[in-house]
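Sharing a structure, written as structure tokens. Questions coming.
All chains are identified by letter, namely A, B, C and D, in their written order; residue positions are counted from 1 within each chain.
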Amino acid sequence: MEFEESGIGEECGVFGCVAAGEWPTQLEVAQVLTLGLVALQHRGQESAGIVTSNGANPPTYTTLKGMGLVNTAFKQEDLLKLRNVNLGIGHTRYSTTGISELQNCQPFVVDTLHGKIAVAHNGELVNASALRKKVMRHGVGLSTSSDSELITQLLALTPPMEELDTPDWVARIKNLMTETPTSYSLLVMYKDVIYAVRDPYGNRPLSIGRLVPISKLHSSGAGEADTEGWVVSSESCSFQSIGAKYYREVQPGEIVQISKNGLKTLSVVPRPEGDPPAFCIFEYVYFARPDSIFEGQMVYTVRKRCGRELAIEAPTDADVVSTVPESATPAALGYAQQSGLPYVEVLCKNRYVGRTFIQPNTRLRQLGVAKKFGALTDNFAGKRVVLIDDSIVRGNTISPIIKLLKEAGATEVHIRVASPPIRFPCYMGINIPTKEELIANKPEFQDIASYIGATSVRYLSVEGLLSAVQRGIESHGKDERISSSTKTTRYGHCTACLTGKYPVELEW
Amino acid sequence: MEFEESGIGEECGVFGCVAAGEWPTQLEVAQVLTLGLVALQHRGQESAGIVTSNGANPPTYTTLKGMGLVNTAFKQEDLLKLRNVNLGIGHTRYSTTGISELQNCQPFVVDTLHGKIAVAHNGELVNASALRKKVMRHGVGLSTSSDSELITQLLALTPPMEELDTPDWVARIKNLMTETPTSYSLLVMYKDVIYAVRDPYGNRPLSIGRLVPISKLHSSGAGEADTEGWVVSSESCSFQSIGAKYYREVQPGEIVQISKNGLKTLSVVPRPEGDPPAFCIFEYVYFARPDSIFEGQMVYTVRKRCGRELAIEAPTDADVVSTVPESATPAALGYAQQSGLPYVEVLCKNRYVGRTFIQPNTRLRQLGVAKKFGALTDNFAGKRVVLIDDSIVRGNTISPIIKLLKEAGATEVHIRVASPPIRFPCYMGINIPTKEELIANKPEFQDIASYIGATSVRYLSVEGLLSAVQRGIESHGKDERISSSTKTTRYGHCTACLTGKYPVELEW
Amino acid sequence: MEFEESGIGEECGVFGCVAAGEWPTQLEVAQVLTLGLVALQHRGQESAGIVTSNGANPPTYTTLKGMGLVNTAFKQEDLLKLRNVNLGIGHTRYSTTGISELQNCQPFVVDTLHGKIAVAHNGELVNASALRKKVMRHGVGLSTSSDSELITQLLALTPPMEELDTPDWVARIKNLMTETPTSYSLLVMYKDVIYAVRDPYGNRPLSIGRLVPISKLHSSGAGEADTEGWVVSSESCSFQSIGAKYYREVQPGEIVQISKNGLKTLSVVPRPEGDPPAFCIFEYVYFARPDSIFEGQMVYTVRKRCGRELAIEAPTDADVVSTVPESATPAALGYAQQSGLPYVEVLCKNRYVGRTFIQPNTRLRQLGVAKKFGALTDNFAGKRVVLIDDSIVRGNTISPIIKLLKEAGATEVHIRVASPPIRFPCYMGINIPTKEELIANKPEFQDIASYIGATSVRYLSVEGLLSAVQRGIESHGKDERISSSTKTTRYGHCTACLTGKYPVELEW
Amino acid sequence: MEFEESGIGEECGVFGCVAAGEWPTQLEVAQVLTLGLVALQHRGQESAGIVTSNGANPPTYTTLKGMGLVNTAFKQEDLLKLRNVNLGIGHTRYSTTGISELQNCQPFVVDTLHGKIAVAHNGELVNASALRKKVMRHGVGLSTSSDSELITQLLALTPPMEELDTPDWVARIKNLMTETPTSYSLLVMYKDVIYAVRDPYGNRPLSIGRLVPISKLHSSGAGEADTEGWVVSSESCSFQSIGAKYYREVQPGEIVQISKNGLKTLSVVPRPEGDPPAFCIFEYVYFARPDSIFEGQMVYTVRKRCGRELAIEAPTDADVVSTVPESATPAALGYAQQSGLPYVEVLCKNRYVGRTFIQPNTRLRQLGVAKKFGALTDNFAGKRVVLIDDSIVRGNTISPIIKLLKEAGATEVHIRVASPPIRFPCYMGINIPTKEELIANKPEFQDIASYIGATSVRYLSVEGLLSAVQRGIESHGKDERISSSTKTTRYGHCTACLTGKYPVELEW
């Protein structure tokens, strides 16, 4: 619901698991997949799906899909039937288009000359339109508008299907990667193998974890020999709930083969010379769960650092610092810490607010936000409040909150936003309102404070955000096992929605 | 439920509608489609779907699909949204595989270089396996095991997609028809046109109707000028409930273009020289609704004729003739009429029997059929009964009925079956048990009467069946508007499941 | 659906089972109840419920209830939990009021000073309004408008609750029976006993059956010693599907105690002197399943006799006799037999027609009946048809059928109705339209033939109906085990809806 | 889900609304009820119900009920039909018994001699068992085990129903209150009036709010004349989301009549002399939403004070203070403030964790809590953590959290609980595990720290809790409009579950 209100949304989450030892047993792989997806639920609540394989030759695949949260999408009785499973991939989907159909639910499975492949995808192909034409010109009909189906057909299509015993899927994946530069984090399952792929710009995240015995879960001594299986996930936050240890990220451009025999980097497709990586900076700002790790640092810590940076850039003469729960809390605590102002809670969130039906044109509509937040008056009445938000997109959410606080007794409400204004559309998998809807592009933005009713409004600068993010990326060669050749440009972040500088040239 | 019990089942029903006049209004096309499918519900109860088009360029298609009967598959609120519709096609599906998924629900829609096409299909491609390989070798991934998806991709694929303004769909359909001889009755929707296609052997039925003003519905004077729209359906029984007049059948091999401008035969793809048509004879015997018309004759009348023929071939010294309700009733009445024996009802059917859950291994299971039929004792106690059934497949349904009648007082129960024994599998769209399961292939068949507990058992001969069917096919050139060139072999029926003589050579 | 269209409907069906031997096992009683209700499904499709007891002291009752048909009302998983069950009662409900709520679903269970009782009821209390007042004046709040709750509270209420070890339920039931003369067939479960009660007028049916080993099910030699349990049902048609033998009817006014120790008549509450029984004659005409037995005769046979009687009273100069399927078929066959005219089928029914949504004000509405019936043209085109219907209530169903037949080629359509016109409301459990809606009370009735478009219309007379019904009630003392004292008036039938003569005086 | 895990649960929430001016319009009352219940959702998630009245004479009541959250319990289409509504009451239910049935869903409606009343109830009658016997001895059957049905029947029953034009409901309510001392907060709707009742001990909360024009919602100048309607709710947190101003609490023993003409105190039933009020102290500790107001103080502030008190009673030598989100956060912030230790977040909560199905006996079960919480390692690795929890019931939730923190790097984990140990059952509406299940009654409690794996464990004392609660109850006569006669004992709190001292003597 928040996502809808804030107006920005992640595309999806992907998750995969390969059993490699005694555990997870065949009976448990499906549950590992389910729990892994539950931990990625914040990346998509529209639909969920898993495809499992028994790893045999030919393999037996089973697909479970459903609308809604993971808990409702899969029926217990169907999960119970998933015995004899050795690996699988899953997907949780966020609807960017409003067309909410089971048909678009991933993973996609297609039958090819060499048998079935299953594909789960997070991201958005920047040249999807041209690729669709290309595929259709070859005579392929596309049954959905989904990039994932497109990817599946591209994998089936090129290079021309040879009738060999062992198809060269890696060549096909590399071919796909030359056809489209970004953005995709991809899981491709074929028989007993999962190929985990990240686009050359590393725009979407993808992390690998190791299943180890519970007794060794938190000990640093769990060696490679203790590995009982591999998991791969959009975010590392899903590892702990299934008993997995964080291992490393898939690198930009890397194709990792995961099987019961372990990991193997099959190829690292390079970027055009001079191009830095372009990891989506909004994963740090907004999308990712705070306990996930990207580029060696915890998301929570980056957010806190954003708050500190903001306190330096935009100090405030006020009495208390607070947060719009829950996503802005790390930044608010950082701001409080840096500024020395006390941190208090001013809003109490009703956890149960859902899609309550309200008649249009009634007075109740005007009360809007009050359904969701209660004012903790005692904590701020008669005081000057600094309210930290993580981002302001349309400006229609923060405005009633300010009104609520003022009417409940705040003498001043200063808005401090822990990220720069969003001004440009994203073509790489984030659902952002049209340019016209973005408050930063409206004339009212010139006097945003009076427009939203705040005493003052300040944003974190792009430089401040980049500094907060990149300061923490230390050398983490210790948990990287790929060749150092691609490391000339160690890191880089996509700030296109803030600056309009896209990582690749866009053509239409 | 009967289908499941009897063990044979139709594949599907297809239905299409193009508005051509004042009516059906745009608001009503979806309802015409729905009602048309309801009338074809006996051909498939697993899932239902419709795809509508506004007929514009480019067109807007809308798809409704759901599991179960038509009434439950579509939600009223979704139907209400289908305004601004000018044409559409629909499908009702029978599950032959046991894999019951929304994914397999037709019609299929795919996007091609020239825009979207929608396909609904009744039948089964005899060379599906080879065609799948061919398509996949070209680099197309297939996401279902459905022949309909295969057809859709074949249409998208061949001949190579040209980037023209007006794609040559007819060439593509003809190409498809050369790739696969049978069996298919096909509706292909593209923008504002429906192509209605029947395979060269005419294995599956397909009839055309004209929507006319209600006032002229039953008058013979409704001329072409009165036409307000066109419908096309697996069976003509669906015409009356939507206010349509029977027009004619699509001929074997014919491609008919249906648009608001009327009908047009675009091509008639011929059979190999010497091959007669091969219309499935079981449409007459079992599948079709009795009020449908094939080859100029009403199905009910053919069934009655089968009963008469049976009375001649297999007369019985008995007191009364009766039926296993409801499908065998026409044959029973025919038998009674021919034999002079009185017709009575001996079984009362519980219309509400559904999938009642019965614990395995309980005494209740043994009572089986008694849940479904009640004995009308007064009508047969102390009498010798001739019981007519339309077909015997596994032999496990008729046996408890005989037991029921005998225990309720019938002194003799003579089974007379209005069709020959089924001995061979069908590869053209009918779901028949494996050869081993067919009672006619079991050793017990040698003494079937004692096996099923009957006083005697006799079947209609293949010759008798063919005679009953073909005697009634008179010249009906008056309602045929296609060239006479294809009429050298006027008619012919597929009896493969009875004789093992398949219309085309089967290769694996 | 038919019931809705015809405009008359039964209230409900009741069913009970007590295990008395090895079988039904505790696991199976719930299934016997379920199957028993499925066989009574024609008496009510709105909701279904069962209450089971383990028969212990104190007993454990379990309730399953749900909307819709029995098959959907109970979930398999809930049925599976019903182990350790020794007896139970069930109910299938027809909604007379339009208020369709789970709350009204029977059986009702209430806790009393002596423990819980469960009540299932078929019928309608003629003095319900006064009884409600009486109960409420005593200080009891009623939570539904259901007669069954009223009965339950009356049983709890009177005579004043004594704190005894063994409550005198029989005295309470007798008291109830003096409070309200009719109409009710009632099952009351208390601990390990079911009381089966029929009102003194015997207005609603109630039959008893014996569960016997399957091997002895149809043998006449199954003696009392073979009894493995008892069932009691609104109609005997439910016996065969559960392996029970018909035993006898509960007599008007009789209170039968059913326990694992067998049957015991506890009391027979007499009618006022001179009052004959008043068994609802429409059970014969319309409601009951044709294989049920009332008063020693099969319903089917009575209906056939009505057809014969009608042929005598209203002969027709015509070519063929037919039926409006399916309920009028016995009468049609009787008419054909008596008149010597051939019986043919003229209408083919679509078994799958359900609540198809049709937009108001469209042409499709006018086609109405065509959705449900197809014309079997060959059987009547160019012929004069006698069409038998079982009853005509509003006249709005038969009219479009006549139109359909005429337009399809019938030269004449003579309607013959196998029961007299309904003119009066029923206050004893049958849902009949208001007096104004009944076609027999409309001015148009004077020329009903032209109103409905028939060539001629004739009804069976009240005398004819009574003769057809009562001619077959022979002495059947052999299966009656109650004292003969109440037999002075052997039988009598309520014809109130036809004649306005109600069995008891009605006060408001 | 938390409630289930923590093992204590509130019974229910009640809400009522009477329109008194232009707004809420008849169309909106149902929506006010719905939103009011959404704000009380934390008090019960099992089922929800509303009953509305048009206020006419006789009134028309409409009931909506359903299982699950308010958002799913009511269908939009049903809410839309609720036009012409002037008042209504609602209920949200927490299942204490495990028997989760629609039948137990409140409000209860019963028909009485004077028409229908509707009742919604929060609490549990301490003498329910004796009252049930009494009611049943009078001859009333009870159809549920619910106290609310019992209350409804008691209201119908006593004093004996008189046939008057205007029934004396107040006398009946007073009579009820003499029959049962506690605990209940009650809404009784009759025609156009709601009676809001709190038991003499004031065990359960009940607050009144005034609907005012939005423009005056937060102005202190909204006078009585601005009142547009009245609402009454278990908690004042529901007021702001519907545009209502807090007015006052219903006083212990008070019967308030609410109609469109305003409020009227009809009676204040006194407690036995010397008995103080007994407001449930766990409403402060755990149940209530932090923005609710009881006895003139905000719940959040009380919880913060508990944290401060705890810091004084149980100081810790540690590095950081944190919370088990979300309910312990106010206490944690209070503890941090008082102790001077920095407040950090150590756990990240997965908002989407629901009833994920996990196979029994798998390793995944052992991971338990990790599904729900992620460790924010950076904030505590290498540090000594004080973790504040609001209460410890069974001890099985906190244990895995401690393990998680330790394994993720906390050097010490000190548990500080902001309430005393729960040792005794509650008979007044709170669902507490059996005495045996409570960790405080187990031998392990002697060394609780080692049992749950903590470095140390300390609880707030009963005195500390009472001090934190009562210190803030200032004179708030200004918003009380009832006579001062009952104010001799101003306040008092039930601590029975902590001390075993029950407010009334319990008899069984």
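Observations on the structure shown:
We take it that a contact is a pair of C-beta atoms (placed from the backbone, for glycine too) under 8 Å apart; a residue touches a chain by one contact, two chains touch by 3 or more.
If you're wondering where the values come from, they're calculated on a predicted model, not measured in any experiment.
When each chain is reduced to the average of its Cα atoms, A sits farthest from chain C. Overlaying chain B on chain C by C-alpha atoms takes a rotation of 180 degrees, rounded in steps of 5.
Note: centroid distance chain A to chain D, computed from Cα atoms, is 37 Å. Chain centres here are Cα means. That of chain A falls 62 Å from that of chain C. Look at where the CA atoms of chain A average out and do the same for chain B: the two points lie 49 Å apart.
Shared interface positions of chain C, defined as residues touching 2 or more other chains, are absent. The complete set of chain-chain contacts reads A-B, A-D, B-C, C-D.
Contacts from chain A toward chain B in the complex involve residues 102-103, 108-113, 117, 132-133, 136-143, 145, 149, 152-153, 155-158, 160-161, 163. Across the complex, chain C meets chain B through its residues 23-25, 27-28, 31-32, 34-35, 38-39, 41-42, 45, 69-72, 74, 76, 79-80, 214, 217-218, 237, 240-243, 289-291, 298, 300-301, 326, 329-330, 333, 337, 342-345, 348, 350-359, 362-364, 366-367, 370-371, 374-379, 404, 407-408.
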